[in-house]
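Input: one structure, supplied below.
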Amino acid sequence: MTTTLDTTQVKALMGAVADGLIAHKDDLAALDAELGDGDLGRTVERGFIGIKEALAGPLPDDVGRTLFQLGKAFSNAAPSSFGALYGTALMKSGTALKDKMTATLAECADATQAALDALMERGKAQLGDKTMLDAIAPAITAMRAALADNGDDVSTGVFLRAAAAAAQRGADETASMQSKIGRASWQGERSSGKKDPGAQAIAYMFDAAAAHFESQP
Amino acid sequence: MTTTLDTTQVKALMGAVADGLIAHKDDLAALDAELGDGDLGRTVERGFIGIKEALAGPLPDDVGRTLFQLGKAFSNAAPSSFGALYGTALMKSGTALKDKMTATLAECADATQAALDALMERGKAQLGDKTMLDAIAPAITAMRAALADNGDDVSTGVFLRAAAAAAQRGADETASMQSKIGRASWQGERSSGKKDPGAQAIAYMFDAAAAHFESQP
Amino acid sequence: MKKILNNPEDYVPEMLAGLLAAHPGRLKSVGGDVHCIVRAESPIEGKVGIVTGGGSGHLPVFLGYVGRGMLDGCAVGDVFASPTIDQMYETTKAVNGGAGVLHLFGNYGGDVMNFAAAADQADMEDSIEVATVLVADDVASAPADRASSRRGVAGMVYAFKIAGALAEEKASLAQVKAIAEHCLANTRSMGVALGPCTVPQVGKPTFTLADDEMEIGMGIHGEQGVRRGKLQTADEIVDQLIQPILDDMPLDGGEISVMLNSLGGTPLEELYIMYRRLLEVLKQHDITVYRPYIGRFATSMEMVGASLTVLKLDDELKRLLDAPASTPFFDQSQYV
Amino acid sequence: MKKILNNPEDYVPEMLAGLLAAHPGRLKSVGGDVHCIVRAESPIEGKVGIVTGGGSGHLPVFLGYVGRGMLDGCAVGDVFASPTIDQMYETTKAVNGGAGVLHLFGNYGGDVMNFAAAADQADMEDSIEVATVLVADDVASAPADRASSRRGVAGMVYAFKIAGALAEEKASLAQVKAIAEHCLANTRSMGVALGPCTVPQVGKPTFTLADDEMEIGMGIHGEQGVRRGKLQTADEIVDQLIQPILDDMPLDGGEISVMLNSLGGTPLEELYIMYRRLLEVLKQHDITVYRPYIGRFATSMEMVGASLTVLKLDDELKRLLDAPASTPFFDQSQYV
């Protein structure tokens, strides 16, 4: 049977992701201090507190509108580059899943692709510019491969673990890139050798998501 | 024979006093730092460098005008309270000795009294207010006593040593006074126990003057 | 660095509350949110509204230039953090007098992306025409071939003044946008940092410099500059600020306006010591100065250091620079 | 504290040279001495000249208030040191328009005695009528029964504004002196220091405070205050600044102007946090604020801290406070 996620599961998932990312705020701050202005820890903390507050309140019934609301909450709570972009990503995934009470994993991969497209549109960055995009793109490829290899009844845990592993590899690879966009680009060549903090945040996110389903019976 | 000082001697004396006071600039700065703003060392240094520069240039022939010029040089080089007052003191001693090519020690005592009067007029302080006045007044008394006890042929060294000893006693006694005037008065009762820096500068001045004549054959 | 504050989390809202209470006849907030500040007389019918926004901690930047002949509104973020999309959107709506709104702000990722979203929203929901001009004047932050990715620093004050003056004359949105772009095409800045500042909620300095060190080209939030080295003399520092500007924007003589700006902790006395040297250097290049602006125009709280901005003048820029302007933090009549 | 300077001995002359070059249409020096600064249009026939003077390092105090509607001249000393008698005398002579000259300056020994000598000289040699008014507004520096021995701090800016406005109307020397005295009788100040400044020629801080300490009532050159203790919140600090002022000058409701002044290193943001609390306290006493002045009006270079000045208003003081004034450092149109 095709694996799906319903709205309740999505909410639980986002709560787990929020906790996971908040736990990593100090490493993210340290990475951003090297390459940017050091506020990514605070951005992530504030943004995910915003999501947790939204999760505690009334939310729509469908997966799409729920994600859209959570994205808005994130952006307004954490108004930095990552905040604006991650919020946009959630909102665009939500638009892609509008009116759905459940989403298949294939639809989840498509929604992530829609988010990536929107990020590139808003942020004007390309793959290889040393940004969060460089973690998201390989995660999408890995999601699609997991479905192709294991069929559409693959467990959500396996599906997300593949994404997480790919995202982490992508984040690690940003270390060898030279920053072309955002605050880190002002460092020019000196940015080489340092891992992009936004990409690492994305890798942590997929990791927390995978761990959430892996820990379920 | 009545002891006198001529203009050349007065100039040499002022040069010696200048060197003596400049050598004490750090202690005076430290005293002023406790009770005032700590600039008395710099004031004394700049003022006496002004005097030394004036001594190196052309000066009038008489004792009075010479002292007057040196006083002006001091005030313009060191425009603080002590600078203004010490300059005034020299100018007023000069006025008292105007046109004199030599001055007797009795005339010197009178000129110092004239300076003290002018200081009280300009600075509005009273004896006992914890200022330089409290070193000058006992010095004058001691000068007169030296003349009365030893006659007017007393050596300049003995005459000035008596003044120096009295000035130092006066300066020491300021420690038990409470400041009534100037910057130190803002400390109120907390000024008790600390020696007035201006009074100590006066004591150093008489000491340097006495030493100058004592060291002469 | 010791600060006079209450709970650090209340730093920005308390500051804004005090500021709004201090200037009631000139500024007001929008819909009860102190982070959205507009001219008391907003919206002004038929006038292009100019909106800026950015993090707190830079007074008089940004909100200090809201006033007659300059800006119409400002969305205010937390210290060194972008305002939210909502705040930008509400501010935009509040200054719309029917002639469109110009978003004019510094080139920082969070601000850029949030302003883009706010502009979309104003267009979608209220049919407000929004144009955007980014300030990217800091020559230290990228070479000339990537000039559009540069940081925005004190040069934005010239853009506020020039665009604000034209908007006050009821020029069209296209005209106001064009003059802002023209002004910024002729504006370059370069800074030096000697000491850090502390973000209240963080509680520790944004960077460290040894007692005898300075960093040429450092950004106003502590972003890396072009060269860290021994603290040099005022004359040497000025030479290193003006030269990269002249290299980037060649001036064959002519007239410029300069802004010599303290980052906060550096006293005015030192700016005048720098200005003395600046005039010597400019004289060697046959450049004359019109209307110097010397003071604190764009700060980073108590950061120690200074920045130099050059605006290359033509007749139109001169006319608009001369135009009256009055805000609670800036009055053009002071600069004659 | 790191400074942008060349040879420390040249700090003041270089600063003044830069300043005179920056404001040529408004200020000029007297007889080639940059320490004697007067309005470019001096002397003004038939107008009482107002001259101040004091040490450098306090910009905009003192010379920053030379301009229309405020002062006519300023004798400038070395950092924190009195100008010389000669400089005061030359400045006095240069602003004499035949209606006499008011010496209006802070109550510091060196300045008092040198101005007295300069006044004597102006009288003796040039028959210029000189009146003297001392500013002694710092309630922390002496109890009420020795009020005349108090230090002069930021309150002098109100005296410059009020006396300057009346002098601009061509009032007589007696009238200008009387209004300056009336203004100062209604002016009280109190400050707090959190960190020191460094006199360039000395090279080390004027005082030390532990990382968690502040001193209430400290003078602007580091003179001892009334209480050293743990750094408190903004609200607690404001309470301790306003209370001694209200104790010394009881106000049963009514209208006041306030000046909330940074000593240099404290950013504007913190002044607004303080102002918010100040309004709360004043409200409890039914006191309303007219024209707050919030900014850097009297500094000690980079000293960290702030001062609060209260001017109790009546109709005449209000009228004169409202009058136009414009200097390179202060423009009344900014404060509306």
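As written, the chain order gives the labels A, B, C and D, with residue 1 at the start of each chain.
Basically, contacts are C-beta pairs under 8 Å (C-beta built on N, C-alpha and C of every residue); 3 or more make two chains touch, one makes a residue touch a chain.
Quick caveat, the model's predicted, so the values are computed rather than measured.
The chains touching chain C as well as chain D do not exist; no chain touches both. Averaged Cα coordinates give chain B a centre that lies 57 Å from the centre of chain C.
Rounded to whole angstrom units, the spacing between the C-alpha centres of chain B and chain D is 33. If each chain is drawn as a node and touching chains are joined, the picture is a simple open line. Pairs of chains that satisfy the touch definition comprise A-C, B-D, C-D. Within the complex formed with chain C, the residues of chain D that make contact are 1-6, 11, 14-19, 21-22, 25-26, 56-57, 59-60, 192, 194-195, 211, 214, 231, 233-235, 237, 264-276, 279, 292, 294, 296, 299, 301-302, 304, 306, 326-331, 333-336.
By the touch criterion stated above, chain D contacts chain B in their complex at residues 77-78, 80-86, 108-110, 113-114, 116-117, 141-143, 146, 149-151, 201-202, 206, 219, 221-224.
Chain A meets chain C in the complex at residues 36-39, 42-43, 75-77, 79-81, 83-85, 88, 122-123, 181-183, 185-188, 190.
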